[in-house]
Amino acid sequence: MSGDRLRLALPVLSLVVLLGAVFYLQPRAMSYFGLNLLFNLAIPVALATISQMMIIMVNDIDLSIGTFVSFCACVTATFVHDTPVIGYMILAAAILAYALLGALIQLRGLPAIVVTLGMSFVWGGLAVLILPSPGGASPEWLKTLMSLKTPLVPIAVVAPLVIALAVHFLIKRSWVGVILQGVGGNDRAMERAGWSLVRLRASAYGLAGLFGVLAGMSLVGLTTAADANIALRYTLLSIAGVILGGGEFVGGRISPFGAVIGALTLTLAASFLSFLRLSPDWQIGAQGAILILVLAVRLVFIRKGAVA
Amino acid sequence: MTNNASEPMTAATPVRALLSKPWIWAFLAAAITFGATSLIAGSGAGSLFYAALTFASFSAIVGIGQMLVITLGPGNVDLSIPASMTLAATLALKFMDSETAMILPGLLVAIGVGIGCGVINFGLILLLRIPPIIATLSASFLYQSLAIWSNRGLRIKPPEPLAEFATGGALGIPNIAVVGILLAILAWVVLERAIAGRWISAIGQNLRAARLSGVPVNAVRFGVYVNSAVCAALAGFLLASFSGGANLNMGTEYMLMSIAVVVIGGSSIGGGNSNVPGIWGAALFMFLIVSMLNSYGLGAGIRLILTGVVIVGVVALASRKGYDV
Amino acid sequence: MQTISGAPDAPVVALDAAHMSFGPVQALRAASIEIKAGECVGLVGHNGAGKSTLANVINGRLTPTEGAVQYRVSDPAHKNSENAQASGVRSVFQELSLCPNLTVLENLRIPYRNMPRKGWRKIASQKMSDALDLVFPGHGIRPRATVGDLSIAERQMVEIAIAFADRDSEPSLVILDEPTSSLDAAIAQQLLDHIKRYCSEGGAVLFISHMMGEIFDVSTRIVIMKDGQIVDDNPAQAFTRQSIVDAMGHVAPDDDAQGSARSERELGPVLVSSAIGLNARRGEIVGLAGLAGHGQAEALAQIFFDHSSVWKSGKRPEVVFVAGDRARDGVMPLWSILRNLSLTTLPEFSKRWMVDRPAESGLVQKWKDRIGIRTNNLLNPILSLSGGNQQKVLFARALASSAPLVVMDDPMRGVDIGTKKEVYQMIQNEAAKGRSFLWYSTETDEILECDRVFVFRAGEIAAELVGDEISEENILHASFEMQEAVK
Amino acid sequence: ADTSDKRIALSNNYAGNSWRQAMLESWQKVGEAAVADGKVASADAFTTSENQATEQAAQIQNMILQGYDAIVINAASPTAINGAVKAACDAGITVVSFDGIVQEPCAWRIAVDFQQMGREQVKYLAERYPEGGNLLEIRGLAGVFVDDEISAGIHDEVKNSNFEIVGSVHGDWAQDVAQKAVAGILPSLPEIVGVVTQGGDGYGAAQAIGATDRAMPTIVMGNRQDELQWWSDEKAANGYETTSLSIAPGVSTLAFWVAQQVLDGNEVPKDLTVPFLAISQDELEDALKTTPKGSVANVEYSLEDAKAVIASSK
């Protein structure tokens, strides 16, 4: 079995098992309506996870994605709703800022984790400035889009698939994706072959920014309003999603399908727990336990390396 | 593409030598913010310094633990610090139940909790091979539940002498800061002079090569994770004693804080290279920047933005490119 | 496909009195060299002589501090590296330049800057297969395999094939910096044959190696470097093994000593043995031979892991390891030479938990002199050493220990001949004192140094050869045909 | 109508402080009694692991799937879970929000007039110090609705007084953060006469100020037992005077009964207001006696109390 296939086997398996458990506990979930409720909030998580994946692809890690998505959500619920032209310009500028950040990180050899840690304060501050108090409203078209009634399968299932497929073609099949993955695999080799690492890293970050913006917009479409802290937990969720989806922190090993499935699995895990009806004291702990459980299954799939 | 790193350490001017230390930037930043705040505080500068020392201690103590973890190399970070702090403080304060005689046993309970958390964290990493970021995060949910379950968020007062120790000071230095500085010195000795320090750094640079060079890699990693949890537990214990009781949310801000002080302090986040004095510089800075922005009456939004800009700025200034040929 | 423009008989590259210094280190001094089409230039020199530096100046990665580089296509407005690329200069660096997370064909896409965008995968796959078939017939590497899943020898083959592949332009000069170091003899021979064929068809090659046999096999011209200078540059016929060794400036060790030490030594009881039947007696030098990638490295690692602990480390380790793949298994890139060298022995020379620093610098100084590490300051970063000198540090790291068993995973990669002979001698001496060695090597010379040899095939021991049975033919024979082991 | 087969769920976004713990405990106590009495079929409580609107929205969507008849919400955000609340209403579920209320019009709201809470503090201080003076403001978590509301009330009322707010810090509703923030800004402040807070930060402020040689200003407390204890100690030592006000965590039980009443078919106005629980100088000792050590002053509501609240706001 090829490495990529194997990498995907675990996330798919854990999703299937969890889904089975949820259907068993709550047969009502096994419907168009039920699936939509189970998964619609996974759409922004999936987009954020893809964004994080772009960063992990070039061996970096983004601690600011949660605040960035919150910022984008605030912009969407205010500027994009009130004055669309200005709104989209701000979002475009945010993507550009992400790309510039990537360039800065490469040029000065900065540790991405710190720069993004710093940026998480900046995005958070901007979000608080835009929306000191929760509010705003979703642009109509966005609300309509997110509550679209697709035939047969609900949008909550269709959208993640479409996202995964699109990113798969962009990253795994196209030559651009290959070059970007190369940065994570061996950046010296890329440099020797004459590629500009600055440009490549900026592109990866730009893509991350783009998907962050999409995550923020889709989130507002679902919640119909925003607040400055709306997506903070996406930072850790997205990292967990990428890893759960078979990605690795170094070496440019990532899988778009895996990442999206990882995001779905994480969302589902929380639902599974609420269907179990644990005592409130242990509800938080159970979330940790289930995360550990799912990842422990990875053990079966990891080849036994010589050194731990 | 030459760079100064490849030159041997020839005699440079003292200033140059100082500027080449990666931790100097954190102290410079702290000094500048202190100066700017003092402009407003005037004669209050002394008490500002005292407060800075006090509150920086907690960040420094958790930062030392986090630094060793981060030194272990890419992907190593301890996200369970806030939960370990809370759990240790909650259990210890409940155990002491404000009784003076129980102070020492209480401290031992806190440290025991720290050891327990560290063992669980590393157990997940080693036995289940879960990446540290996620292992420590998941474990922290468990600790949080345990803290909630154990006394449902009730705030129990620390024993009187303990509270006095935690809030007191001598010769213009808070007691807490003395603890923090002693721990920093200890960490420096371990990292710079002890075999263990070499081992930690070697693992951070290349785990496989370290293993093949005879480094007992699991023992070292075990020690580092346990140490981080124990530092967190100690910080939690002191913080609860200082602020008059344990809260369920008392550790929250130390998650980002512990990482921030490590990286602003000049440790290479890629691992293998750590930097003890910088932790203190960064811890002071992180307190002072908030005080400065508060003193100038800036709103939360601006304050957050400036904090972020300064973090990125300090890191960009302190960075030096590695080998690039 | 586009061919390289410019006058066809002009040299592909010409260096005129090029200087290259790194701070105080003069890595290259007044080097002048021309390489013309159809030439295969063998470049030899001791470790740190400046070979890699010269190669990097030629391929444009380094810009000389003085002097000029002229390419066949030289546009002064462009950087050297761009001119080099435009002139068809390609390089195979010693440490691998592949992306392990990508497939073989995707790795071809990386240097192939102007690949057609439509259907590029098909094109890349075709070109990759063609190139591999051309250089290494019967290679068995699928273009869609992920590089990370390949053995180190296969990766090296892929990288070499990429350098010779038909891309946007034809290669006019291929620089190979120690390309055969992780290939076994049969595959290396395929490469040498290809080089000869390629040069006879009008290509040029700059071939860096420490293996005299290969140099004589392929070179039409041999260039010798010593301490940053080109000290000799003549047609290959003008040299003999001896004259090269003399010119490189190393004392020529007498070859007759070989093998005689073997018979004299007295062997002790069995010290280690592993599940697959590998064993070593006290004072014995045991070789692991066979084609590259047939389980030798794994067997060694197994022995090392079985006899060392991840939980404790004591004053008397049972086994130490000498890495061949420096970047992966040996070097601590952030550290000085000193710290790198003392790593394994820290608990042995220190009193308790603390590093005994005077003892440390004493020990390191002793080994620097003993094994001849070329540096003026042991506090310099290890990466400032040339590849061969880094390897010596790793050797010293292990030998400085008191462990009775030394496990060596092809440890002489990139070590020059003179040093090699010294190290062989050192190993013989240590063995005489009762130390045992398990030595995996891709080079026959080294295997011939051993008392006993296990030949591996497909992860198992195909033959055990003792004493006079150890010969190139026997090893090759056992490598290729499953035989009843001589027990 | 009979509600004995109805199931009510509590969706809670945060459990990390003593107020929330007391809230959950009150819910459990009253809920269990109601189940035993056959008033409802079940009263389950759910808490999200992190204080996040997105997580709570998912939680509510799960409750819809589980077929609860009513969902009682203490919301992480008044707007960010509107989508999920709307979906619940559309599924025919009664939604009642309290403390952290939601804007979605289909839900019932048991609101605390947070602006008023801010104003009350300043009014109290204005009585104490008619000539005015300097105030320090301790705020909650930036970007959260409650923080913004209380602060707005405070600033609004300060305009009608002789006070000036000379410093404002965010204590994130955490004792130690508040203490740290206050200690950091104190050196730069002129003399202050009063500290206005958002509940639960008073003790931290007192600690920070006590560590300096400043005179202790009047700190408005937030009903936490340690605050009351400190106040009582100071009162005994030097006659310290202040006031304390906050919402009673037991408001969760009011929300419970309101949900039950709606399910019962009674007409209930969409917007209800609960008074906050204030403790004055004279009530201090009594309040302290009834508040468990380390917890928060509390009142729980019975069905009758709830009916009275509903009736009064018709």
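We call the chains A, B, C and D, going by the order they appear; numbering starts again at 1 in every chain.
Rule of thumb we're sticking to: contacts are C-beta pairs under 8 Å (C-beta built on N, C-alpha and C of every residue); 3 or more make two chains touch, one makes a residue touch a chain.
All values derive from a computational prediction rather than experimental measurement.
Colleague: Would you say A-D or A-C is joined by more C-beta pairs in contact?
Modeller: Between A-D and A-C, contacts are more numerous in A-D.
Colleague: Which chain's mean C-alpha position is the greatest distance from chain D's?
Modeller: Relative to chain D, the chain whose C-alpha centre sits farthest away is C.
Colleague: Mind checking the centre-to-centre distance between chain A and chain C? Centres are C-alpha means, answer in whole Å.
Modeller: 43
Colleague: Let me have the rounded angstrom distance from the C-alpha centre of chain B over to the C-alpha centre of chain D, please.
Modeller: 33
Colleague: Provide the C-alpha centroid distance between chain A and chain B, rounded to the nearest whole angstrom.
Modeller: It comes to 29 Å between the two C-alpha centres.
Colleague: Could you tell me which residues belong to chain D and also touch two or more other chains?
Modeller: Touching at least two other chains: 15, 49, 142-143.
Colleague: Any chance you could list the residues of chain C touching two or more other chains?
Modeller: Correct list: 61, 310.
Colleague: Which residues of chain B are in contact with two or more other chains?
Modeller: 141, 144, 148, 152, 208, 211-212, 217-218, 268, 300-301, 304
Colleague: Report the complete set of touching chain pairs.
Modeller: A-B, A-C, A-D, B-C, B-D
Colleague: Inside the complex, what are the residues of chain B that reach chain D?
Modeller: Contacts found on chain B: 37, 40-41, 44-48, 51-52, 54-55, 141, 144, 148, 151-157, 167, 239, 242-245, 247-250, 252-253, 287-288, 290-291, 294-295, 297, 300-301, 304.
Colleague: How about chain C: which of its residues touch chain A in the complex?
Modeller: For this pair, the touching residues of chain C are 61, 81-82, 85, 91, 93, 96-102, 106, 109-111, 113, 115, 117, 120-121, 146, 148-149, 298, 301, 305, 310.
Colleague: Write out the stretch or stretches of chain B touching chain A in their complex.
Modeller: Listed in rising order, the residues are 74-75, 79, 124, 126, 128-131, 133-135, 137-142, 144-146, 148-149, 152, 207-208, 211-212, 217-218, 256, 259-260, 263-264, 268-270, 299-312, 315-316, 319-322, 324.
Colleague: Can you list the chain A residues touching chain B in their complex?
Modeller: 59, 63, 104, 108-111, 113-115, 117-129, 132, 236, 239-240, 243, 249-250, 281-289, 291-292, 295-296, 298-299, 302, 306-308
Colleague: Using the touch definition up top, name the residues of chain A that touch chain C in the complex.
Modeller: 2-4, 173, 175, 178-179, 181-182, 184-186, 188-190, 192-195, 251-253, 306, 308
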